[in-house]
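Two complexes, one shared chain (chain A), two partners (chain B, chain C).
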Partner chain A sequence: MEIAEERNLNRRLQLKKLLEISKEHAVQRKSPFYTLRASHKRVNVIANFFRKAYREDSKVAFRSVIMPTEIFFAMDVVPVCLETVSAMLASSGLSPYALNIAEQNHYSKDICSFTRCTLGAAIDNFLPTPDFLACTSYYCDDTGKLFNILGKMYGKEYYLLDIPYDYKAEDSVEYLSKQIREMVTLLEKSLGEKLDPDRLSETICLANEARNYFMKVNELRTNIPAPISGGEAIDYAALLAFTWGSKEMVDVCKMLYEDVKEKVEENKRLKKTSTRPRILWRHLRPYYNDSLIEYIEKDLGCDIVFEEINFIHWDEMNPRDPYSSIARKLLSDPAVGDVKHWLDAIFPTVDKYKIDALISFAHWGCRQLASTNQIVKTALEKKGIPLLELSSDCIDGRDYSFQQLKTRLQAFIEIVGGKK
Partner chain B sequence: MSIVAGLDIGSLSTKTVIIDQTQKILSYSIVLTTGDSRKAGEESYKKALQSAKLSKDKVDYIITTGYGRDNIPFANKEVTEITAHARGAHFLYPDTRTVLDIGGQDSKAINLDHTGQVIDFVMNDKCAAGTGRFIEVMAHALGISLEKLSELSRQSTNPAVISSFCTVFAESEVVSLVAERRSKADIVRGIHEAIAERTYTLLNKIKVIEPITMTGGVAKNKGVVNALEHKLKLKLGVPDEPQITGALGAALIALKVVQKSSDFSDMIKGS
Partner chain C sequence: MKTDAKISQQNNEAVSILKEFEHILKDRAGYLKKARKPVVAWSSVYTPEEILYAGGLMPFRITGEDQPESSKSRAVMSGGVCPYVLSCLEEGMEGVYESLKGIVLVNTCDARRRLYDAWRFYVKTPLVYIIDLPKMTTGDSIEYFTKEVSLFKTAIEKHFKCKIDKKSLEKSITIYNETRNMLSQLYELRKQENPPISGVETLAVIKAAMIMERNAFNDNLHKLLRSLKNSAPNSAVKKQRILITGSYFDQSSLIELVEKMGAVVVCEDLSNGIKYFEGNVETNEEPIRALARYYLMKSPCARMVDSETRFKNILKLVKAYKADGVIYFSLKFCDSNLIDFPYQKNQLEQNGIRVLFLEGERTLVNMSQLKTRIQAFLEMNGDLWK
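What follows is the complex of A and B.
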C-alpha cells in the first residue's frame, strides 16, 4: 500500500502510456483462423470491456481466471481477467516489453509468463487502476502472490478465494459460499454501494443462457468433418474467462451457435466427409504466433476438434440460490482437486469427439500441467490414445523455436497415422 | 530392380544410404552439413551415387529426414528422424524395443512395438547439452581430437565430476579442471559420465524396454557407450556405423513406398 503513493493512478494517463508503448512495440497481426461472425464479435466484446476499464467513471476489478464474474457484472464492475490481459499483450506483440520490465525488476524467468507479463505491465503502470482485486487459489499457485503484490502497488485490498481440494463435499460448497459472501461485503465496502440481489439473479440467468448456447455448440462440434478449426475455437478461452453473466456473452454464444449450426448443415448438404486425425487439445496456445496451430491443421492435415478449455463442466445455476450455485460451479471445474476429477470429466470427450490423439500444450512453468500430464498420458495409453507433451510458452515468445516443435509434431502425427 | 535412397540431413553431418530391392546397402556417405543443408544433401547424395556407381536416374525414390529434411528439392517425401531411426534400428536389430539416438544437437529416446512402429518418444528440450555438439566443444576445450576421446576415457582412474549440463558453462568447468592439473583422461571420463547421467534421465521418461539400440554419431564414442551401459546396467546394441541409421531407415521407408506402388501397378495390370 505504501508503493501506491508514488504511482499515478489516473486511468487516462495509463491508457496514454499503453498507446505510446503500442505505437513503438505493437505488431499488427490478423488471425488466420477466424472465419465465423461470432469470433469477430467476440474480439470486439473483449476489446470494448478492456476500453471501458480505462474510463475514469468505470468500476474495475482485477481478477484471476476462474474468479466468478457474475457478481461483478451485477455491480456494473468490469472484471478484468489478468491472464487474458497477458494473452492480449502477447498477441499484439507487447509481451516481450512487459516481460523485460518484470525481469529487470528481479522477477525470475522461472515464474509463469502469464504472471510475469501482468507484473511487467503493472510495474510500468499501463494497466487501468483497479477498484478491487480478487483471485482464487486455483488454477495457479502463484496467483495469490501476484494479487498480494498488485494490491500493494495500487493500494487496494485484495481477496483470495480459497477453493477447497475436496470438490465433492457439501462442506466445501458451504465453505466457499461463505467466502463469496464475505468477498461481496468487501467489494461493497470498496465501491461504497450495495449489491442488488435481483441484479445478481439476473446475471446468473444470463450466465445460464450463455452456457446453454455454448453447450449446443459443443454438441455440434461432435460432427465429422469438424465444423470449425481448433485455432478459432481455442480463442474462446478469453470469452469464457471474462464475460459470464453479461448480455454480450449471450449474444456471442448465440451467434456462435448459429454460425456453427450453419457450417454443420452446409457440410451435410455437400455430403462432406473426413478421415483426418482428430485431436483433443489441452491447455492454451502461443498467443504471439499462429504458425504452430496452422501447421497442425493445414500442413499436417489434422483437426483440433475439441479443447479442454471449452468444456462446460457446470450445471445450470439457481438464480434463487446464487452463492451456493457459484460455489458449485467453481468446485465442478475439472482442475480443482485431484487429477481423477480431470480424468472423470474430460475422458468421456475422447469417445464423444472420436479423438485419435491428445496434444498437451505444456506451458513453461505451469506446475499444474507438468504434474498431471504423465498421469493423463498413462491413463490415455490404456485407451490406445497417444499424448504429445509439447513444451513451449503461451506468452513468452523469446525462446520459441518452431523447428523444434515441428519435428515433435510431425513425428507424433506419424505415430497417429500409423495407428489409423 | 528398385533402387532407393535415404538422406539424413542433420545439424552437424549429412548422411545418404542407397539400398536395392533386397534391402542390401549399395553405398553410403557422410559429409559435414556446415551452413548449407541443401548443398550438403546434394554433396552427400552425389558421393553415395558415385560410390555405388549409379546415375541419378537409376534411383526410384528418395526420402529425407533430419533437420534439413524439407530443404532438399530432389526428394520425393520426408519423414522425421524419430520414425527414420526407429525403422533403421528395427531393421538392424529386429528385437529392439527402445532406440536411443544422440545426434549433433538432439537426443531422442524412442519406444517401438514388435513391428518397428513408433509408439512413444521423448526429445531433449531447449538445450543441446549432452549431444554431439557438446562433445565437440569439450574436445576442443581439451585440445584433443574426437577420435581420441574413447581411448582417453578408458585410461581414467579418478573421473572428474562435471556438474554443469550447460555446454557453455561445462566448457568453462573443463577449462578450470585443466588449470587445476586434472588429467585429461579423468576429465574426458567425467564428460562421458555427465552425458550418461543426462541420457539416463531422458531414457527413463519413456518405458525402457530391452533390448536397446543406440544410434547417431555419439554412439561412435565408446566412452559414452560404456558410461551409459554402466549406468543402465545393460548392454546396448550399437550398429557398425550408427551414424547412418536414420538415413538407412529413410531408405527402407522409401523402398516400402516403391514396393507398394509396384504391387498396386501389378494389380492394375492384372485387372
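What follows is the complex of A and C.
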C-alpha cells in the first residue's frame, strides 16, 4: 500500500474511533457565556479546521500553543493545536477517557493534564496522523518532550523552536530567525513542496489584519461597563489558540470588533454604568465545567474585564521580513525569560483596564506560572491590587471541587468589594 | 546482607580519605566558611565551573540538603515544584551559606528558571546569574551557547573585578580535566566484577568533588585512586549490578538500601554521577568555545529534548558497566523525567533490561515500602552477564 494511502486510511479509522468514543463518553454542553456572533463563528472555524485535519487530502501539522501558524497557512497546512484539542476533549467530557489511557501507559498524574490528555489521545490513536510536528520551547518543559515522543510515535519529522531566554537581545532575533528558516526547510522536505514567499507575505498581512481588529476589541474592553463577559473572552485565548494567518481568523476578529463595538455603543446609548469589581484573569479555566466563571460573574457580581491570554504583545509584522518578524513576535511573549517580562506586561494592563483584583487560575502542572504567583502578588500589592490564586485543573475534572474554590472566592471578593 | 563492594577496611589510606570527604559533606557550610576565596554556588552540571575557578572564586554545588523541609520556599514558589529547587531556595532564604557571594543558575528547566526569579526576589545575594542552555545540540546552538558562556565570563569579571584571560582559563581547564580523568578512572574500577568501592562511597566522592577546593580534591582523589588500584581485590562474591538514572539525586540512603540487599550500584547516569565528569574539555581549541562545546554536548539528561539519544547513552552505560537492571528515579514534579520515563522504560525493556521506577521527595520516606519494591525488583532480575 502507498504510504499516503496508509496515512489516509489511518485518518479514516482515527475519525471513526473518535466518533465511537464520543458516542460512548461525550456529554453535550453548550457554553452559557457565548452571546456574540463572533464567538459562535470562532467555534465553527476551529471545529472546521479540526474536521479538515481528518480529511484524506489534508496536510496536517501538530503545533504547540505559541507556535506561529502563518507559515502553515502559507503552505495550506492545517495546524492542529494540541492544547486546544485537550480543551475540546475536556469540554466534550472525553478527557477522563484520554487521561486514563495516558496513566495506564505510565504517564504520571503529576504531569500537566493538557500533555497527558494529548498523549492518551495519541496512544489510543484517535488524533489525525500529522505530516509534521512543530513546537516551541516555551511555555514549558513538557512541550518539547511531548512533541519529540509524538514525532517518534507517528514516524514524522518534528521541529522545536528553541526560544532564547534574553528576549531583548538582537542576537536572539537572529538565532530564532535562523531556526524558523530551518523549520521551513524541514517542513518543505516533509511535504515535498516549497513555501511560496508571496504566500507567506499574504498570511503575515492576514495575521496583521486580524491583530489590528483584535487590538481594537481590546481597546473597547476598557469601557465601563464591560462589553463582553470574561467567560466568553477567555475562550478566544488569542495568544495561544488563534489561527493567525488564516482568512477565517480575520473574519472572526472583524466580527468580534463589530459585536463588541455595538455593545459599547448600546451601553453608551442606555447610559449604562457599573460599579462591579473589575478582575484581570491569569491563565485559563476548567474546560469541563462552567460553574467557576459563572459564579464569579453572576453570583459574585464581578466582571472579568480582561485576560492575560488575550494580550497582544507583538508589533505588526513586516511581510517583507517574515522570519525576523515572527521571531520578534515570539520573543515579545511575556512568558519568555524572567518574571520581570511578565510584570512589565501586567502593570500597564492593570492601569488600562482599571483593575480591582487579579485572579490567577493555577492549573495543576503549570509550574512555570504557579511558581511566579507570589512574586506577582507582592508586586501588585504595592499598587493596592490583591491577587487570588485558585488551584485547580483545566482538563482533568475528576477531582474538581467547586465548593473549595467557591469558599475562597467569596472571601476574596468580599475584600475586593470592600475596597471599592 | 553485607555488601563486599566497598573500600576494604585494610586500605587505611583510602578509608581515611573517604572519612575526610564525609566529614566535609557533613558540615558543608562550615567548610565553605573557611574558604579563602569568594564563594559562588552553582546548581546545574551544565555550569562552566572553570570560569569561576579562573576568576579566583570558590565554586560549589548547592544541594538543598540542609533544608529539605522547604516551608518558606513552598510558600513563595509553589508546593508543586521540584523539591530540589525548593530546598535550594530554602537554603538561600535561611542564609545557610553566610559567605555566599554569588549563585549561578542555568536555564535547564522551568523550575530552575523560576528559581532564578525567586532567588533574585527573596534572597539578597550580591550576584544572581542565569545562563541560557539550548535544548538541542546543533551547529547554531553551539554558537549560541558559546556567546552565552562568553557573556557569563564577562559578567563574572565585571562583578568580581577580576580578569579571566586565555591563560587562566586554559590552566583552569587543565585542572578540571585532571579531576575528570581521575573520576573516570574511579568509575573504570567499578566495571570490575567486584568493585573496590561501593555506590555509597562513590556518591561521597562525587559530592566532595562538587564542594572542595579543586587542588585539594584532586590531591586526595589521586591518593584514593592509587590506594584502590593497589589494593587486593575483593572476595569473589557476585552481586547484582544496578545503574541509576533520572532526576537530581543524592539519596545515599537509597543506594545503601540497594547495596545492603546484596546488589551493588555500579554507575549513576546522574548529575551526581557520571554526567559530572565524563569526557574532557578540548585544550587545542579557543577556551570559551571549548567549554561551550563540552558542556552542551554532554551526554543528555531528560531535559534535552531528544529521548532517543538519551536512551542510546543509557544503553551504552548499561552494557559498559554490565548492569543487570536500572533504577529510574524521578523527583516529584520533575516533568522532563516523568514524561521521558515511559519511552525509556519501553526501550530498555525491549533490550532485555528491567527497570524499576521510583519517585521521591527531597528526602526519601517510606523506606520499608521502598525496601519491598527493591527486593522484588532484584529478585526478578536475572543475571544477564552470566
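Definition applied: the second predicted complex is superposed on the first by the 407 of 420 C-alpha atoms of A that agree within 3 Å, B and C clash if a C-alpha of one lies under 4 Å from a C-alpha of the other, contacts with A are read in each partner's own complex, and residues count from 1 in each chain.
Note that in this section contacts are C-beta pairs under 8 Å (C-beta built on N, C-alpha and C of every residue); 3 or more make two chains touch, one makes a residue touch a chain.
Computed from a predicted structure; not experimentally measured.
Once the two complexes are laid over each other on the shared chain, residue contacts for A:K178 go to chain C alone; chain B is not touched.
With both structures placed on the common chain, the touch criterion links A:D162 to chain C but leaves chain B unconnected. In the superposed model, A:Q403 lies in contact with chain B only, and not with chain C. Touched residues of chain A were counted for both chain B and chain C, and C has more of them. Residue contacts after overlaying the shared chain place A:S324 against neither chain B nor chain C. Looking at the shared chain after the overlay, A:P386 reaches chain B, while chain C stays out of its contact range. Of the two partner chains placed by the overlay, neither chain B nor chain C lies in contact with A:N267. Chain A contributes residues 386, 391, 399, 401, 403-404, 407-408, 410-411, 414-415, 418 to its touches with chain B in the complex. Contact residues of chain A toward chain C in the complex are 105-108, 110-112, 115, 137, 140-142, 144-146, 148-149, 152, 160, 162, 164-166, 171, 175, 178-179, 182, 338-339, 362, 364-365, 367-368, 370-375, 378.
By the touch rule above, chain B contacts chain A in their complex via residues 67, 79-83, 117-121, 123, 125-126. On the chain C side of its complex with chain A, the touching residues are 75-78, 80-82, 107, 109-111, 113-114, 116-118, 120-121, 130, 132, 134-136, 140-141, 144, 147, 302-303, 305-308, 330, 332-333, 335-336, 338-343, 345, 357, 359.
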